[in-house]
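For reference, the structure discussed in these notes is given below.
By written order: A, B, C, D and E. Residues from 1 in each chain.
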Amino acid sequence: MKLLKFPSIMKMPKFKLPKVAKKRTVKVGLPPGTLVYTGEVRDEPVRTTYMIYDAEHYEEGEIKSIEELNSHVDKPEVTWINVDGIHDTGIIESIGNAFKLHPSILEDIVDTEQRPRMEDFDDYIFVTLKMLVYKEKNREVTSEHISLILGPNYLITFQERPGDIFDIIRGRIRTGKGRIRQSGDDYLAYALIDTVIDQYYIILERIGEVVEEIEEELMSRPKIETLQQIYYLKREMIFLRKSVWPLREVIGGLDRSDSALIKQETGRFFRDVYDHTIQAIDMVETYRDMLSGMLDLYLSSISNRMNEVMKVLTIIATIFIPLTFIAGVYGMNFLNMPELRWEYGYYLIWLVMLIITMLMVIYFKRKRWL
Amino acid sequence: MKLLKFPSIMKMPKFKLPKVAKKRTVKVGLPPGTLVYTGEVRDEPVRTTYMIYDAEHYEEGEIKSIEELNSHVDKPEVTWINVDGIHDTGIIESIGNAFKLHPSILEDIVDTEQRPRMEDFDDYIFVTLKMLVYKEKNREVTSEHISLILGPNYLITFQERPGDIFDIIRGRIRTGKGRIRQSGDDYLAYALIDTVIDQYYIILERIGEVVEEIEEELMSRPKIETLQQIYYLKREMIFLRKSVWPLREVIGGLDRSDSALIKQETGRFFRDVYDHTIQAIDMVETYRDMLSGMLDLYLSSISNRMNEVMKVLTIIATIFIPLTFIAGVYGMNFLNMPELRWEYGYYLIWLVMLIITMLMVIYFKRKRWL
Amino acid sequence: MKLLKFPSIMKMPKFKLPKVAKKRTVKVGLPPGTLVYTGEVRDEPVRTTYMIYDAEHYEEGEIKSIEELNSHVDKPEVTWINVDGIHDTGIIESIGNAFKLHPSILEDIVDTEQRPRMEDFDDYIFVTLKMLVYKEKNREVTSEHISLILGPNYLITFQERPGDIFDIIRGRIRTGKGRIRQSGDDYLAYALIDTVIDQYYIILERIGEVVEEIEEELMSRPKIETLQQIYYLKREMIFLRKSVWPLREVIGGLDRSDSALIKQETGRFFRDVYDHTIQAIDMVETYRDMLSGMLDLYLSSISNRMNEVMKVLTIIATIFIPLTFIAGVYGMNFLNMPELRWEYGYYLIWLVMLIITMLMVIYFKRKRWL
Amino acid sequence: MKLLKFPSIMKMPKFKLPKVAKKRTVKVGLPPGTLVYTGEVRDEPVRTTYMIYDAEHYEEGEIKSIEELNSHVDKPEVTWINVDGIHDTGIIESIGNAFKLHPSILEDIVDTEQRPRMEDFDDYIFVTLKMLVYKEKNREVTSEHISLILGPNYLITFQERPGDIFDIIRGRIRTGKGRIRQSGDDYLAYALIDTVIDQYYIILERIGEVVEEIEEELMSRPKIETLQQIYYLKREMIFLRKSVWPLREVIGGLDRSDSALIKQETGRFFRDVYDHTIQAIDMVETYRDMLSGMLDLYLSSISNRMNEVMKVLTIIATIFIPLTFIAGVYGMNFLNMPELRWEYGYYLIWLVMLIITMLMVIYFKRKRWL
Amino acid sequence: MKLLKFPSIMKMPKFKLPKVAKKRTVKVGLPPGTLVYTGEVRDEPVRTTYMIYDAEHYEEGEIKSIEELNSHVDKPEVTWINVDGIHDTGIIESIGNAFKLHPSILEDIVDTEQRPRMEDFDDYIFVTLKMLVYKEKNREVTSEHISLILGPNYLITFQERPGDIFDIIRGRIRTGKGRIRQSGDDYLAYALIDTVIDQYYIILERIGEVVEEIEEELMSRPKIETLQQIYYLKREMIFLRKSVWPLREVIGGLDRSDSALIKQETGRFFRDVYDHTIQAIDMVETYRDMLSGMLDLYLSSISNRMNEVMKVLTIIATIFIPLTFIAGVYGMNFLNMPELRWEYGYYLIWLVMLIITMLMVIYFKRKRWL
């Protein structure tokens, strides 16, 4: 039966549903503080790069040894250290030691199932987020675990996969476009988080288009597939919602933070990102409401059609069943059936049947079934 | 199939649904602080006008250059600068520089997708709102992005399109009607926001009428189109709700503000606008509840009618199917069928059929189907 | 079709649904502070009466001119000024001037669509409420806009229509029953508000009775009208709820108020009214929950009955359709049909049909359809 | 029709639904402070008893006159005065005078419709509760209005009916079991309230059993009565919920109270009762959720069965209607029908009919209807 | 009828539903402070063991007498006393006396129905939790009542059953793996609670798998059993939710606690457990949402199939009923039926019937039923 097969030309973004629970259980029984990478298995080596810049100049390069790190941090410029890949827990641990990070932070950095959260240690602020990236090619949304550590003049970022999303920011630093080179590492953190949130809008736009397509389809020619698409989209919204809501708390925490690490003028920008987050939540909720309304409409139109089908059956059956009965009566073979021998019996019976039909039609007209 | 075509004479206000996500994504990847106009493409030049007034006199005119602006602001009277059109980001930027506005504010002024919000910088208060305008002619609701900057003795307003809504206020200033000429720029801000909120009531009134019409239709003669109208209205309410709810926070913020820019006596008026906002929210929620109830009633009446259709079919079929069977039996051509040769066999069979019919009717009466 | 006509003997209280939006739009475009009466058109002149009393004596009379007012207020006794009719905005305005009331208050007094609210100006407390009055005669609930201004030793009340609800209190003052003559104007305000809230209970009692009647009907003999009554009651509850909920805030504000105008011992009584308000809200919510449950039960019993109807049809059709087919077969006129010439063919065919019927009956018994 | 008659062997506790609104309206129009008993009419005289105890000794007896009361209260021991019956407002009033209670408290004591509440006057704490008592005999839950006044060394309790619930506590005082004789009147208040809350658990246990029975029935053999039982239980839960929720506030208020009347070590016990209240609320909500799930399951299984019924009808009708048509064709009496005269026409037609049947069966098998 | 029998191969974890109310009522009427064990009846003796450790060494053993206890606690090392079995209230009481615990705590320790809670006495912190353990073998989830008392340098734990969950921690202490030997008793408490929470993830993982299996089944071949599985899972979620939600408050209380008993660095770890709890709640809510969506999809697909069944019936019946009528007409035995004697009457009638059939098919095509 084809009832519940998905159409092959589904154009909506597909979420790779994370098997949340499965991965968490890897850690059961291990002493807390043990770094366990819970993401997909990866082979490539972890790459650690740095960018050091102020208004006048910038330099960038790859960090080969942990010792190198400390030498960079003491400088007055902004130092951005980016770690591509969190599957090599040894590297994470040595970075943690070098910057004297709390061990539980390191756990959160490598735990890809960690919920978005932000925490203000006095010396540094720790933020962890989900970056949703939509690939047009295979229409797939991938979720990536991102962590930021914002210190007095350094920013360390951890990415699950080497990705190109942050390259926009790197480009701006290189060319000195915008205010990024004039500003501190808090502005850099803002710019990166803003880029992450922007990715949500791309997905929401795509979903918005699909919602509108489905609605149009529902309006003009509702099909069995429409129901499945609504169901599937509702399901996606459950997961998207779960990603977006915790952001409210995280970004809101940064906005309201009175940490000395975030300068007041940068705080204003975090306010902006917070607003964008609220707007993203609004959109998710709006789509959910629309999908619920569409489901109601779909179900009602099914009921309506069933009603229509039933009416056709009832009209035809109600008219012809009595007529067939009459025909049956005069098909009986009793020897003594006077009507059969009447001259105009046959014509009379047609008249009777016509009258019955007309009465039925009038009855249906009054019931507004015709 | 006509099932889901909208009736051509839909009289309810139509919202031009903003494609929220699409426009936001224009900005993805640009450095924060870049002014990007996200509204419809516009060609006409931006027009900047001013009104300067106190209790005794007033003057008005068009501002040709930015330098002019500063000269006006130093005067002790109230200065109202109105910018019609926000698509020329250059002009916005030079105004921002002249009044030393925070760059993120300028972004919000030109971003037509920005959520309503208010923020109190110490030197000025920034408010941004959606103005919903209902045009009777084509029954269309258009959304316009409005921003206000309330300084110590000046008010700057930004409108997306040159519109006539604010002309009411201009008229009052010119004629000196009401208390507007006796009051400061905070009262002017109040008068403008009050005018914006009033527009919501016009739309809500129109929707209220449509809700009542649909309800009446549902009561007297529910049609397939009624369902679609309910769906469509529910959908409109989702968008209206999304516009109205954030106002609560914005106007509430102005009401509770302890900024020196809002005099205490004007604060009382903002309390009033806040109350109107709450009332508008109440109305939106009431309509939503009513529409849900109407959908339930519609679905129940479909079920009821289906039931009625089924009953008619069942009664007719249940009575005539056994009779037809009996007629069929005596239409058989067996040579040895004694009943056929009985003198009164035919009349007897009619009697049997009458008795069966009567038993059926009694059965249906007892079941209350007749 | 009779499907959705309301039964003529509807015994529940009917709410005159206020056309909220329509009236509000009268004010659109007028300068704030303009007094606009938004209620029904009225012709009779506004009547202003006073009662002055303390523990020993009382006097009452009609106030002819505004100048009279001030002379009364300076006395140490409690002065209650009652204004019957708010459609003459001139009178309201002159009272406002005499007592130096904030202009926005005057607006709220004459705006019959104003939401219930209370505000504490330091010199006086302003309260506005909806009084719902149930007239047994035509079973109609009318809503009246009531405002109170509680000053240091005076209370001004504004009523939309000259009504008899407050006469109970007047009687108590005249006869000196209860503690009213021993107490201040805050106690008078309490007594009046308590009387207003009591009216809600009368309506809730009536609705409670109707809910119980409908439930009983639903239990014994559910009809098509039951559905409509449930719908209609749900709709009434939406409006009642909208009236009751804001009271929570208003009365709660009076209860928690630390204004010097409300003496501590009177405050305790406001606590009591607050409790009654909460209880009224509880009752509204309980009725809503019950109505939802009743709708579910109604829908389920429709489904159940449809099921029953279908079963009867299916049993009859399933038994007789095959039998009719068999009869049809032996009604065919083929020349070469050996069975027709068998001696006991006819009896055999009856046997076959009996066996088929019995098998069917057994099948239905096993399916528990019989 | 038997559709909605309740089964005679309903084993669940029946709530005597209080006619909330009706009783309250008795008081409409009376001056506040008038004591009006709103419960059932009672004839028996009010009985007032006392118990005086400390760790060493105890005495008990009946109080005949109000003057006696004061002499008891001055003693250093714990004095517990219990009033059985609140319909004699004169007695309540004289107690109120003797202990200088606020008049509004007396009103709450005799108003059986009063919502549970607690209030801390500095000299004493007032608590009013609903005691739900389940009588196994007639399976009826009765609601009783209980009030407590906790003074420095006395506790006054008011009961609507002379009841045996408090006898457990009296027994403990007499025998000196537990810590009650060693503790103050606050502990006595705790012990009484704890006893009241325990009664809720007895009802909840009974309901829990019924819920499980119904679920089992729903699983094995869903009947029409199952639906009614679910509806009835849901309705009971609405009332139980209304009784349980306000307890949260009342007991929570006692728990958090910093009144000197409640010693710190007793406060810990109130914490415990609070926990039990929360747990009772949890259980009510759990049962509500389960009942909603059961209603869904019931409705779905109705749909499923309707589907099954329809399939049987469709299969039988779809197979035999075409066959009957064929038989009908060859039952026609046209003179010129060559097939009729074919030697094996009759056998051929059986073959055709067999092939049609087989095709139908294959079609249904593919549709998975068979 | 097989409608509501559960499939035998149900692979989801089964919760042993605690009969909450029944057990609580055991205590009704007993003086507060009486220790009543409310769990299952157990025979084996209670076993009390200890572990004493610091960074350098550790010792462990069984405690035979209560006097022994005190000698251990005075030492500077961490002392962990574990009580396996809470059914012997005498032992609990003597522990309570030895450590001067508040009597209400002892009640909570032995009351297996006690809701999770935490309370900060100044000298010690009391925590009680539910440990859910999933046994793969019989796929059963058992709930165990766990209590912890965290003193300055000792930790006492109470388990309902001797279990192996805490053995992981014992192993770590013995081998000195992780930081546990270097840390205080607060860290030990954290490690134990973390282990308890981890067990929830194992159950959630299992449920997640079942949810996905059911969804897949629903997509490819929805069956009657699918509905039951959805219902059953929803029911499990109600109970799981009831267990998980109170944890939020308990663990959150430990996280925010400013007790001196929890060192700041350990507090950070409690933050982590809190996060895991929130995530578990998130997952429970996500599964609930998914199950609701699945129920909607199931019901819609039933409606869809009913529609399909109805269409087949209607098409067949609507085509053949009129044809059968026509055949019936010419099967009548009237003597005077001219058509019967026409040369090509029979062929003509076939033509008529063919035309009718074609018209019907066209009609259905237009209705999109074919």
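To be clear about the criterion, contacts are C-beta pairs under 8 Å (C-beta built on N, C-alpha and C of every residue); 3 or more make two chains touch, one makes a residue touch a chain.
Values in this document were obtained by computation on a predicted structure and should not be read as measured data.
Asks: Supply the minimal count of touching-chain steps required to go from chain B to chain C.
Replies: Tracing touching chains, the least step count from chain B to chain C comes to 1.
Asks: Is the contact between chain A and chain B built from the same residue numbers on each copy (over half shared) or from different ones (under half shared)?
Replies: different
Asks: Give, as an integer number of Å, the spacing between the C-alpha centres of chain D and chain A.
Replies: 42
Asks: Please work out the Cα centroid separation of chain C and chain D, and write it as a whole number of Å.
Replies: Chain centroid spacing, chain C to chain D, equals 26 Å.
Asks: Residue numbers in chain C touching 2 or more other chains?
Replies: Counting only residues that touch two or more other chains, chain C contributes 1, 303, 305-306, 310, 313, 317, 321, 324, 328, 331-333, 337, 367.
Asks: So in the complex, the part of chain D that touches chain E is made up of which residues?
Replies: Interface residues on chain D, with respect to chain E: 168, 172, 177-180, 190-191, 194-195, 198-199, 201-202, 204-209, 218-222, 265, 268-269, 271-272, 275-276, 278-279, 282-283, 286, 289-290, 293, 296-297, 300-301, 303-307, 310-311, 313-314, 317-318, 321-322, 324-325, 328-329, 331-337, 367, 369.
Asks: Within their complex, state which residues of chain B touch chain A.
Replies: On the chain B side, the touching residues are 1, 3-6, 19-22, 24-25, 27-29, 31-34, 102, 104, 107-108, 113-115, 117, 119, 224, 227-228, 231, 234-235, 238-239, 242, 295, 298-299, 302-303, 305-306, 308-310, 312-313, 316-317, 320-321, 323-324, 327-328, 330-333, 337, 339-346, 349.
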